[in-house]
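Inspection log for the structure reproduced underneath, given as structure tokens.
By written order: A, B, C, D and E. Residues from 1 in each chain.
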Amino acid sequence: MKLGRVVGTVVSTAKDEKIDGLKLYVVRDLSMEITDRDSFVVAADSVNAGIGEVVLYASGSSARQTKQTDGRPIDACIMAIVDQIDIDNRLVFDKGRD
Amino acid sequence: MKLGRVVGTVVSTAKDEKIDGLKLYVVRDLSMEITDRDSFVVAADSVNAGIGEVVLYASGSSARQTKQTDGRPIDACIMAIVDQIDIDNRLVFDKGRD
Amino acid sequence: MKLGRVVGTVVSTAKDEKIDGLKLYVVRDLSMEITDRDSFVVAADSVNAGIGEVVLYASGSSARQTKQTDGRPIDACIMAIVDQIDIDNRLVFDKGRD
Amino acid sequence: MKLGRVVGTVVSTAKDEKIDGLKLYVVRDLSMEITDRDSFVVAADSVNAGIGEVVLYASGSSARQTKQTDGRPIDACIMAIVDQIDIDNRLVFDKGRD
Amino acid sequence: MKLGRVVGTVVSTAKDEKIDGLKLYVVRDLSMEITDRDSFVVAADSVNAGIGEVVLYASGSSARQTKQTDGRPIDACIMAIVDQIDIDNRLVFDKGRD
């Protein structure tokens, strides 16, 4: 999975019928130090993530293994909201703190 | 999904029989600020997108989850026409305006 | 799909039995201006493409959706020979001309 | 598969129900000389890997071919702990030594 | 498929039970001029390739379409040993010669 931050939303009325009802978020990739990267993805959401939250998203066919995305033309899906990240025994991200 | 702009069309007569009838668009990748990137993809279309429109496209096996692309040798498919994109509470793209 | 030019062939005698009989082409990626890129792929062929032709190829599981590649360990397949590419209302490639 | 080193952990309480019980590791990509690369992935674990260990991880649908990850929205999975790597007849990594 | 050279081996005892018995090779990517690239992959082998040989490998789900890799958490598989590569009507690689 990749680590990202939810930074925005995409609104679409003309879309494939199979994605009706899915919320589409702009997710910006993050480094291990939780800094912004240039790359981003538009992802569906299976966990009621909110703007600003640090999340994990799955890509490819794995993005279709949630109840919300099964059988849909979705290649990226937020499947976890991150509480804490620990790297080299250092807490680099704490949702309650950061 | 990736964000792109439909910039052109590809015409092919000698093609795999399974892609007969599919419209093939050249889609240029866009940044979060809706500026052109160098990368592009040739994508099928499940939503009657038109030249110049900002769209989302799905890649890989997810591109085959629409009625139009099911079971076909297609690895990129436009599955939404974008109306609005909001990033950090700022409207960075509005189809009616831009 | 990606846009490429067929530039060469690969000959292999010791190969997985499932790819017996498949022609394997070296396909060089092209820019939107139909200039060579550094990247390339070795692709199977479902459309009888020839050296020098501009083609589209599908990657990943989508490359296995043709009659020739179904169920085979093939992750790239030429599925269309390009006749014309039109970008921003300009004919950037015409097989009869270029 | 890619070669990486387990450098951290990700804790998440709000997550897709299908990933309950899976341990999620931060895995940093390694060069052939076993030096750190900038890129990383968050991967599930099917082999009880520990922090600091050099591992192999599989990506995409292949990451779902283990008993632990089958049918789950997981696109990266550690499936081997590396004991030794030999390149050009030189032992570049030995778990017992390095 | 990608073009690579088998440069090394990976030994692992603690691994997912489904990859037992598979030989894992370090494969370095090659340019069209058969020069080394920085990138590499660890791949399973379905063709009894040897160190030093130029090979093709398939990635993703296509890597699981061989008898040896079916249903296993393997995302890269050597599926051909290359004898000859011809580019722009020039023999750039000949196994008997190079």
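Here is the rule we go by: a contact is a pair of C-beta atoms (placed from the backbone, for glycine too) under 8 Å apart; a residue touches a chain by one contact, two chains touch by 3 or more.
Every value quoted in this text rests on a predicted model; they were computed, and no experiment measured them.
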Note the shortest touch-path length, in steps, from subunit D to subunit E. 1
Nearest whole angstrom, what separates the Cα centre of subunit A from the Cα centre of subunit E? 33
Between subunit C and subunit E, tell me the centre distance in angstrom, where each centre is the average of that chain's C-alpha atoms. 20
Would you pick out the residues of subunit B that each touch at least 2 other chains? 60-61, 63-64
Around the ring, starting with subunit C and passing to subunit E, what order do all the chains come in? C, E, D, A, B
Touch list for subunit E against partner subunit C, complex: 1-3, 31-32, 46-49, 56, 58-67, 69, 77, 79-89, 92
Residue positions on subunit E within touch of subunit D in the complex are 7-19, 24, 26, 28, 38, 40-43, 51, 60-61, 63-64, 71-76
